[in-house]
Each structure stands twice: as C-alpha cells, then as structure tokens.
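There are two complexes below, and they share subunit A, which is joined by subunit B in the first and by subunit C in the second.
Right, the complex of A and B next:
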C-alpha cells in the first residue's frame, strides 16, 4: 500500500470491506433475489413468452397506467409529506406532537382495508358516485396511505439540520422562505429520495387496493393472469417486466440521491431551528392538518366502526374470541420474528453500503429492493417451489413464512439502518480500534449501541408491513393458522370485504397497527 | 448517553430471549397430518370455498366418521397454483374449488386421481367432467342482477350476446372472473373464435369492469349500473345478511333459453394423486356427494345448489330443475388457452 492511495480514504479505517462483511452482504443480496431468479429460471419461462406478453395490446396501457400512478402518487406524497413535516417542525401550529403521531398512523392501515373503507363510505354517502374509482381514486387513497414514508424521515432530517446555514442565508438578505428553499430543501434530498423509493416499490407491488379502486396496472394484470386466467407462465413473464421496473426505479433513486449522500445529520447538532411565527396562515395550515387526518384516518375508522355497529346491532352475531386472540397473537409473533430477522440480516448490507461504498456495496444494497416490488403471490409461489424441492421440512411452517416476510420487507430495515450507520461516526470506531479492540468487539461495543435506535425504527417498519400482509401469508402460513389479515379475509363472503363479520378483525388490525405506528412517531420525535 | 450505552446490549439480550421464546412456540403449526403413515385419521383439504362453509363440512364429517379435516383456505387460483408448484409432494389430500376451471386445470396437469364411480353416480351427471377425475359437489348459475329503479326485468337483454351492441353502452357491469372465462370458453365452442373476440371487444367498450362479482352486486345495488353479470349466490348472501330480499333494491334475473348468460358451473372436489390417504380421501368424497352427508350442508349453509337429486336448498333460489342452461363438459374448461388469449387480446385482462 503506497502513501499515494491514502488520500482516497474518507474517514474509514480501511477502504476495503472486511471479507466476512462483504461475503455476508452478498449472500443476503443473492437470497433476496430468489423470487426474481425464480421468474427467469422456473421451467415454462421463455423470452418468446415475454415478448408475447409485451406485445399484447393490453400491456402498453398497463405500463402507462403504472407510470402515471408512480409519478402522481410519488409527487403528491413528497409534497404532502415534506409540507406536513415543515408544518410540524418549523411552524407554531398547535399540538405538533399530536400531529406527528396522527400523520404516522395511516401506516397501520392495510391498503386493501383502507381502499375498501373508501368504497364502502362512497356507497353509503353517495351511492351512485363513481368519484373514487380509477386513477383519481387510486391517486387519492394511496397518497393518503403512503405519505408517512416521506413525512417521517423528513421530520427526522429537519430536526437534525444545523440551523446555522439557513441563518447565514437570511443574514445575506434572503427571505425566510427563500433561505429554506435554497439551503434546507436540498439537504432533505436523502430523506425524500428514501421515502419515495419505498413508496414507488410499494406501488409496483400493490394489488388489493388497486383492484378495489378499479385501476389496472402491471401488477393487477400479473395477479389476474395468475389467478383469474390460470396462466402462471404468463403471469411470471409479465412479472419480469415488474422486476425490470423495480431495477429502473432503484437506479433512478440512485441518480436522485447524487453521488454523495453525506448530509450532516443527527448527533452533533445541538441547537433547534427557529420556528416560523405565522399569523393567520397558521389557521389555514391547521385546517389542512385536520383535513389530512380526517381523510387518512377518519374514513377508515368511519366505515369500520359503522360495520362494527351494524354487526353488534344485528343481535345474533357473536365474536369468535378465541380466533381473535389466536390471530392477534400470531400477527404479533410473526411481526416480531420478521422484524428481528430482517434487522439482523440487514446489518451487513447497511454497514457495507455506508462504510465501504463501491460496486459490491451498491449492487448488494440495490438488489434487496427488487423483491419489494414484486406482488406477494409471486414471492409466495417462488418460495413454495423452492422449499418443496430443496427444503421440504420448512414448507408450511412459520419459519418459511417469516423468511418470506424478511425477503419482502428487508429494504425497509436496511434504509432505516443506513441512517444510523451514517450517524455512528466512524471516527469513534477508529478510536476503539486504536485502543486495541478488535473489529468484532468494536462493532459490538461502539457501532451497535449507536446504531440501535435506527435499527429499531427499521424493525418497526418491518413489523407494520408484516401485520398488513395478506397474499403471501395465505399461501405460506402453516395450515390452520390465522393472522388478523387472513382472519379478516376469511370472514368476508361474496368476494368483497364487508365490515360486518369482518369488523372485529378490522378494528383489531387497526388498533394493533396503531401501536407500532405510535412507537415510530415517538422515536421520530426523540431523534 | 452513558446510560443508553449500558442499556443497549441488555435490552438487546432481553429481545433475543423473547425471540427464542416466541420461536420455540412456532413450529406447532407444522404438525403434518397424513405424513405419519396411512393409518392417519385426518385429511388435509385445500379449499377455495368460503372458509365458513368448509369448516361446516369439516365439523359434520368429523362427527360422522371421526376423521379430522385440516382446512387450508385460500382462493381457487392461489391454491391451484400452489398445488402445481408443490408437484408430487403436495401436502393436500383433497382439493375443493368454487369454480370448475381451476380444478380442471389440476386435472389437465395430471395431478388428480380417479373419483370412485359410485361417488360420481350420486350427483347430477350433467355437471361431472368427462375425465371422471373430480366431483361436481355444488353448483352456481350465472345470472343478471338488476336494479328495478333503473330498468325493469322485461327490458333486460334476452341474451348476453346482445351486450356488444352499442345500445347497452355504459349500462351494465361485469367482472372478468373465473366464471367469465368459462363463459368465453363456452362461446368459442358455440359461436366460434372470431365472433367471440368481437363480443369481448364489445363488452370491453360497453360495460364497466367491476373486477369482482361481489362488486358487480354492490354497485348494481347502489344504483351505479342498471344491471350486471354475476353468479346467483352473491345476491342471496347479501339478502340473508340484510334480513330478507325486500331489504335490497336489486333483484335477480335468471337467463333462460340455453343462453351463455345462464351457464351452470360446478364447484369441484378432487383427490390428489400424490395423497397417501387415498382411501380416507375417497371416503370423504363419497360423504360429500351423499344426500344425507355433505349435500345437507350445501343445502343449509350456502345459496349454492346441491347437485344430488332430491336435496333442495334452504335458500329461496329457483330450483335447479327449472333452470334452462346450455350443456357443456365442465371438464373441458382447462383447455381454455384460446379463451385466455382472446380476453387478453380484447384487453379485458
């Protein structure tokens, strides 16, 4: 090693990742690509079939629909998420803490339930209206469901920013707003990009809500081909297109973030930014906050409670308490196991991607996002196929189900951990090493404790998504086991949800989702 | 800061302990029935039917025979795809579907064993597949659901074939469900491929795709469309739930004259070839087709039709004998490659 090379060192102890670390990261990446590999290698796939699917007259409009949805929901989530984050952190709006909690709670409502409640409310309040259907409905409902993914990291970033820069800009004559736009907004880029990436991939994988709202995308077509048409080959071929879309989104995100994502956040900032003392506008903003809560939480609660009221009121109905308790316990158990599993497995990837940037790190980290964009039915069938052939004892056990959850929701853990690794300054590690501690001991005593809060945030994100998952759970759960989502699903007769017999499970699902969402909001406020 | 540093690892240890405790209780669901030998007195049933109905069947069968059914519920196509991916190592002994298409798909893949001929002989032979590899244990009929506030029953089209006519534009709802695929299949056989494609394009242009039969029902009931194409039982489920037919706005119209809009579709039951419990599974099939066994549950717990002569539904549905459906081989539905191709071509799916 010559001296000349050392200028490339940007604060880390070594340029090259330890073999063990990169080995582990690559292993995780490869494992997470399993569903995508299955699409290509499962017998029955051919490029001719793919070409056939691509050239079908219905495919192009579907691609266009998918892109429209991604752009519209993505943009409106960014505007809403950043706007609300600014309101709660920078203005003198009343009860900022309460708003953070309320703006996080939509994360606890599964999209297939949320969209149903909109349809139910629409039937009830405006029976003949079709306002809620198509692109418009999907845009509104999914924006209200997904904006917290931008809101939360933006709140964290805004609270962590050094106020001095904005003050300098203002002292140089810029107005408050202009200083914010010029100095602060660019520094939110990482938070916004991270949030929009999660939202885009969620949208690529979304099925239940879009079907309910009558908006057809590539994913609804994949699922329709697999389920209605019974053409799994066609479904898998079309899903390849989704995976390609995911790679595109992930690459675009890379570009948006720019080469260095080293915004100075967190630990070292001691001063809180000044608040804008607003006059009458304050009340307008308050009205906006209330409107967002009414739409994102009020509508689901209205339809669910109405159903519960009708169910309890109908007299003969009884709640199956043992099933309710059983499914609450399972939901909590699977959520906890998957959260811990994803957290552990995510560690090498988040470590290497922040500390040792390079092709291996980038590819490993980006690869884990692909499965997040595939519909649940594809992920589930790939695991059925693989486990039946090569890991039969695992098949239809809760272990395989948890593995599926980890594959699907791993990126949520990684994204959150990356923030923590970036904040855990590598110089502290160097001090530990210089005092004679080995890398493992350093990791355990220095890095891990510093990383823990961010890792916990990631774990909560994973647990939330596990609680909401339906399709994969139906196919992979041990026979006879229920989660709240499957119990809710199984009580619905006549294909569409109706919150009568399903109401108790719907209420339980919303309550149990509110717990981790509240934890998330509180963590955000403490950051 | 120093406090959190000491607390970190300890809470981590506590979490790990919790995980171990939780995980140890985890494998309880995997007690595989049927894998512990042929003497096993339980069967694994994959069911695409409503879970309540399947559980009612399981309870009644266990009471009579002492044999437990372990029910794995899902939707038809999900379960059928699952069985195909499982191949000859499927955990299922028996599969129950809502629609004939999916079970015919399993049959075509060579995964189903012959059903005992004495069992097949019990049910209405019109609904049995020619292959004899699955049992038509229940049936549903395609109907038009209409909203009398918007259209009267005698104004409804006489045949679904009329629906490609511009006259009906924007007035009806449909769902590209399994039953719809079956209808297309039947049309290809009866009016030919070209005319069927034209018809599909007309449906796409004129109708509103509500995605699911249940939503066809709900939207017609709400008055969004004059009428819609669906399976009969969705309406009767809603009627019973709301406390009677008079509580609903919409009504059921049975399509007569051997029209493609009035197809009767069988729900299928089959025994997997790979099952190690062939005898017990056939015993269940025989019970399912028995007038004093499974057919009683079908008659009591669901508005679907029992398929054994002399068993009548507890719901006020038009008797099977008074329907006038076209006849076709329910088992041929797996050869629906053309139907699928046409539906994709017409942009319906």
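Right, the complex of A and C next:
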C-alpha cells in the first residue's frame, strides 16, 4: 500500500475523529453495555450467591440442553445451508433463482410462530404424537427456521469467488469435488462463521419457540424464574451464564474467521463459475429442495391457513377485531419509534467506525455487538432494574420498551449504515469543503443524502425485528398493551394446541416478515 | 502567487514513520501552469492536500496571494481558502446531476463571514461552464451516464465555478484510457490557458508534465529535486534518476581531460571520442565521470564513413512508426546504448553502424 492510499483511507481533515463524534459514539457504547454491567454490578450480587445458584442441581441439565441445541442446530444449519447454496450456485438444478427466494423466505417466519404451526400441524395430523416435542422437535424446527442465515452469505461468497481458482485446481489434476473441497470450501469460512454466529445468538436468546416445544434451556429458565416463579436472583445467576455463553460464541466466531478477512475476495469478478452437469442425481437434489421448502414454508402456511379457515368457519364470533387492530397499531408504532431511534443512535458509531478507525471506533462498535449478543430477557431485566431505581417515570411505559429495542437491534442499523458511509467517500466530502461548505453543510448536502438509502435499509430491518420480538416485549410492555407477537402468544401461553385463535396474528406476522426476506433474497440475487 | 515554504509532514505508519514531505519549498506564479511530477510515494499528493487544507503539515507555511493559508499559528479551513480541486476519479457527487454538481459551490460562496449568492445567477453560470467544457445540454444527466472524460470535464467545471484563486488537479487524467488522455489533456490545457487560472497539477506521467506545464517541479522521497521549464529539466536534469524519470537516457563512462575554468565548459573523453561539454559546474580533472545523452541526440551512419564517433553492432530494434530505437553495442565495450532515429532510417539487427553525436547534442556531465 502506498503512502498516498494509506492516509486517504483514514484521512479527512484531521487524523483523529472530531470530539463531538467520538463523544457520541462512546455514549452509545456505554448505554449498550448497560445490560451487561447490570448483571455483574447490581447490588446484592455476590460471587458466592452466583456459585450457589449455579451449583444447584437444576442448573447443569439446563446448560447441557442449551449446548446440545447449539451444537445440533448449528451443525445441521451449516450442512443444510452450505449444501443448498452449492446446489443453487454450482449445479444445473432447475429454477435456481426461485430456490434462492424460497430458501430465504423462512427468515420471515418468526421462530415461535414456526414452532406453534408445527405443534398445530402435528396436533391436527397426529393428535396423539409427541414427536415434535423436546430436543428432537426443537432441533428440526429451529434448523428449518435458521438455516437461511448460513445459506445466504454462502451463496454470496460462492458467487463472488474467482472461478479461475477452481479451474486451476482442475487443470492441476483435481476432480471437481476435490477441487471444491480443497480450494473453495476453505474460502467460505467467513460466510459460514458469520452465519453460525447469528444462529448461535438466536438460539441463546430464543424463548417462545422452545417454550412451545417444551424444551427447557437457560433462556426459558431465566424467563420462568424472572416471571412465573418469582425468583429474580436465580434468574440473574442463570443470565450471567447465558451472557458468558454469548460472549464465548462471539469470541469463537473471531477464531473461526481466522486472522485474514477474506470477506471481499473477488468482489469484482464478473465471470460465472462452471456448473456441475449432474445426471440422475439432480432429481434427487430437486426432491431435497422441495422437501426443505415444504417443511420450512409449507408447514407454517398449512397450519396458518387451516387456522384461518377455522376462524372464518367459526363465524368470526370469536374475532377480537379491536385487539387485532390495537396490536397491529402498536407493532407499527414501536417498530417506527425503534427504527428512528436506532438509526439516529447508530449514526455516530457507523460514522466513526468507517471514517476514523482506531481504538475508540473499534471499542464502541464491539460494545453494541455485546448488547446484541445478550438475550432479550437480560436486556429487559436490566432496564426494569434501572428504570425502577433511577428513572421511575419510564417504568411501564412504551418508551422503555423502545429503548430496549434500540439497544438490542442497534448493530443491524450500524451494519447497514456502514455500507452507506463507505459510499459517501471522504474524497466527496473534501471536494464539498473545497467548494465552500463547512463540515455541517457538507454533512447535510453530501454525506446524509448518500447515506440515506443504507440507513433506510437498516431502519427497515430494525422495525421488522421489533415486529417479531417476543421475550423483551412480554417483559417490558406497559400493562394492557399488545403487539402482534404478544397477542399471538397470549392466545396460547404455550399451552393451547389449536392454531385457530392465533391465526390472524400469525398471518399478519408472516406477511410483514416476508418483506425483509424478499429484500434479502433480491439483494443476494443481484450480488 | 502560491508560495510554499519549508513544508514538512511525517506519517506514522505500521512500518514506522514516513516523511511524506521534507522541507518543501515551491513558488507558483499567478496564471502559470505548474506540474508536480513524482513517482507514487514521492509526496506530491500530500503536498496537494496540504495546499487544499485537507492535511495539516507538521511545519511550514503556505501562502496564496500573500494570505497565509497554513502556518505555525494559522489554519484556514478548506472551505475558506478559495482553492478548487479536481480529484483523480472526478469524485462527482453521485446523488446530484451534472447541473447541480457544477452549481454546488455557487450557492455556498462566503465572503466576510456572510453568505451571499454568486454575482451572476447560478443557472447562467452553470450554462457558461458547461459551454466552456464542451458539454452543453448535459445538465440533466446523472454522473454515471457520462464517460470518464466527460466526468473529468464536469469535475473541472465544478471546481472552476466559484472562481477559485488556485486550481489543484490530482492526477486528473490517469483514469482515462491512453487515446482519450492525450486529447482531454490538450483540451484542458487550452481551456485553462484561456482563463488565466493558476493551476497546480500533480502526476506521475512525465509526458503529461512535459507537454502541459509552464513549470515542472520534480519530487522524490518527499523532497523537491528540481524545478524549472520542461525543456530545461529534460535536457539539464539535476541527477541521473531525474534524467531517467523524464525519458530514456544513455549513460557513458567518461574521463574529464580538462577541468572547467571561467568558461564553464570542460573537455571529456568517452567511447564516442573527445567531447566539449558546456555549462558545467566547477569540476576538476577526473578519471571517472558519467555523461548523459538523450537517444535522439545520437546518430547512426553506415560503417566506413569517416567522421567522429565509434563503430558498433545493432542489437534489438523497436519500430514505432514515426520513429524507432535501436540498441547498439560499441566495439570493444560492453556498453549498449539506445539511439532514436526516424522510422525510415532504422537499421536492422546485426547491422554494423557508426554511432556519433548529432551536432546540436546536449550532453550533460553527471
């Protein structure tokens, strides 16, 4: 790298960030760390008490359950995600574009809705079967819900790789399969590690689906102890374990990624890779593709439509239209507020991390990820504690709930905005300065307009995750307020097997979930 | 007039500190076209960025028309310098069309701390500038609908719009392909000559420097090596690497037979015979010296013809159409020299030739 480039990449007018910007970024980071700090620094906390709680006989099975789930679902998601990505990018399977869309859409089905529909379908088709409950059910349902997180980045990575590398391996005497294993697979490491990280964090945070499938993990236990069982000390002790697990998962991800960041390998490659001309085996692969779609999309749709049919069939007597309207309005309101809040709060962090890389930038960005890694239940508990102590007027208000959403989903906004900040390159800002605009006018006339599309994308993802969020909402919502997720949940409380009462909320959630999934699929296809 | 005095800037990189600028002095006359020429890493871009106000130097002073822009206790923000800049890739604002790109600096013109609109109406001014760069009717296009050359011309119009006291250009033609580069270069030079704008252009392309500049400044390792008219620098380079940077150079070992006196000329002995070299700094009789000759100042003639010079055998030849070069190895030496001749007079490989200096040859003692 020449000198000219090295300072151009970091440099605008000064070599270090403006104080206002670093100050704002640090403030955001500190606020993001609040839930983690709460766990350890809360008064009444002692390591003796923690040890006592952790050595309780009920704790070890919870840890074991959680680990089993992480390993099984993680592995099966990697196998399924990478396998399907190879099928759609490297074989002559029919309609590859359609499959990319169909394999992305499960992202739009919230895991607790998915598990509910599986329970409902199982009840409908095999009323006496308990096949779907426990580890086995959780494994199947969560794999089908989460595999797209590996599938999508792997498709992008496979398309971005330079086909010449595999061609060279072939010319050196490797078979197709051997060349793929030796040359291509190692380069998918970043995509697989990134996807696995998201999946693991989802699994650690998942409450609704596991409650529904009657599989107890650390998170379900924390929620139970914090709410129904009313033993907050025990909840906090388990939450510490959960937080350690989350940080461990993030650290493991760094290890898996390795030292080199080969994420952008061959970004400008335009040549299409060789396709494997498969014979009869392609029909087998087609059958696998169809099976995956039937299980991941077909089952939820079947149960939802059947439930809706039952709903209409029952004459609509039980339709609580006012609750449906109320929960849709609340979901929209919270989603909008959290999206705007996260967008504004993310701005200093995304600006500083792209423009002024350094310790402050790195630490504030990582801090927001720590908060994201913590399950929603911890965020909720810490905010309840803080608000009751120091900000009582906030307690039991929708503002507190929105603050929780902002803390939890901030990294989604930051990640999206960083792309936009990078596009509004500092050379454009310098040109604006030379044409007579000061820093603020330059921000308003150049940086902001160029950043806006990316920031809007981030805002959409925040809003949609808010719409699907269950645990935090259950714990923090003001009394009497419902979102679509909590309204659906309240029709069941994890007990009722029939999907009829839940169907309207399920339909609404699946429809709004399909939006980001479609956006993602289209982006992947464009890449 | 732009005056740069004693400018230094050091970067701390992973591989240790790097001196991007070392005590750089520079004077650019008003209305002149100055080209700063240097390889990548020579500090030329840093110099430009310091003048623009994008970098703060460790020490040194930059003044424009007697106003201090950067000094020990002064730093004028880029927006108050009245210095326009054309970036390497054009850096057009992608969210604005051509018209709004050019008009960008017109609304924000600031004098005496107060905002005012440009004296002429912005729209009218934009039309003038579009006409100036030959892009009438392109106002509504978006930047990505323009070719590279058109983008550079819009970038130039945008920088000129507020009427800058100084125009900086950072390798503005390097992104263009070879054929286009020459024609856009000529257009831009003629256009700027008509406006009497003071221009500082940095480039690593010696053809660009020699063909465009009134004044060339050569930089290496953060230092100014030499400054002067293009022909001065080409024929009288300060040292061998400058000579080779500006074009092909033939270097011959030589002996100084008679040292320079008041006349400023010396007599030297080299493979081509005894030569008088003029305009030499004080130098005494020396056994080992080097002569620098440009290939076009050497001639080939058939062997046997009487005259000065030495005989040799032609090695590889390169034919370029209008001219060509031949590499000739002189008899009794390992010395190979490149000679530029008309395309029609190019000898064949293996041919025996006599090599001599052309009558107007400018020979430099290094």
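Just so we're on the same page, the second predicted complex is superposed on the first by the 338 of 527 C-alpha atoms of A that agree within 3 Å, B and C clash if a C-alpha of one lies under 4 Å from a C-alpha of the other, contacts with A are read in each partner's own complex, and residues count from 1 in each chain.
The criterion applied here is as follows: a residue touches a chain if its C-beta (ideal position, glycine included) is under 8 Å from a C-beta of that chain, and two chains touch if they have at least 3 such contacts.
Quick caveat: nothing in here was measured; it's all calculated off a predicted structure.
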Does subunit B (first) or subunit C (second) touch A:427, or do both, or does neither?
second
Between subunit B (first) and subunit C (second), which does A:449 come into contact with in this model arrangement: first, second, both, or neither?
both
Is A:19 in contact with subunit B, with subunit C, with both, or with neither (first, second, both, neither)?
neither
More residues of subunit A are touched by which partner: subunit B or subunit C?
B
Touch test for A:232: subunit B only (first), subunit C only (second), both, or neither?
first
Please indicate which partner A:48 is in contact with in the superposed arrangement: first for subunit B, second for subunit C, both, or neither.
neither
Taking the superposition as given, does A:526 touch the first partner, subunit B, the second, subunit C, both, or neither?
neither
Scan A:435 for contacts with subunit B and subunit C and give back first, second, both or neither.
second
Footprint overlap on subunit A, comparing subunit B with subunit C:
449
In the complex formed with subunit B, which residues of subunit A make contact?
56-58, 61, 119, 123, 127-128, 130, 211-212, 214, 221, 224-232, 234, 333, 336-337, 340, 377, 381, 384-385, 388-389, 392, 395-399, 444, 448-449, 452, 471, 474-475, 477-481, 490-491, 493-496, 498, 500
Seen from subunit C, its contact residues with subunit A in the complex are 11, 13, 18, 20, 40-41, 43, 45-46, 52-56, 77-81, 83-85, 87, 89, 91, 93-95, 104-105, 108-110, 158-159, 161-162
Contact footprint of subunit A on subunit B as seen in their complex:
4-5, 8-9, 12, 15-16, 18-19, 22-23, 25-30, 32, 44, 50-52, 70-78, 80-82, 84-87, 89, 91, 101-102, 105, 176-178, 180-181, 209-215, 217-218, 222-224, 233-234, 237-238, 241, 334, 336, 340, 343-345, 347-349
Give every residue of subunit A touching subunit C within the complex, in rising order.
2-4, 6-7, 11-14, 423, 425, 427-428, 430-438, 441, 445-446, 449-450
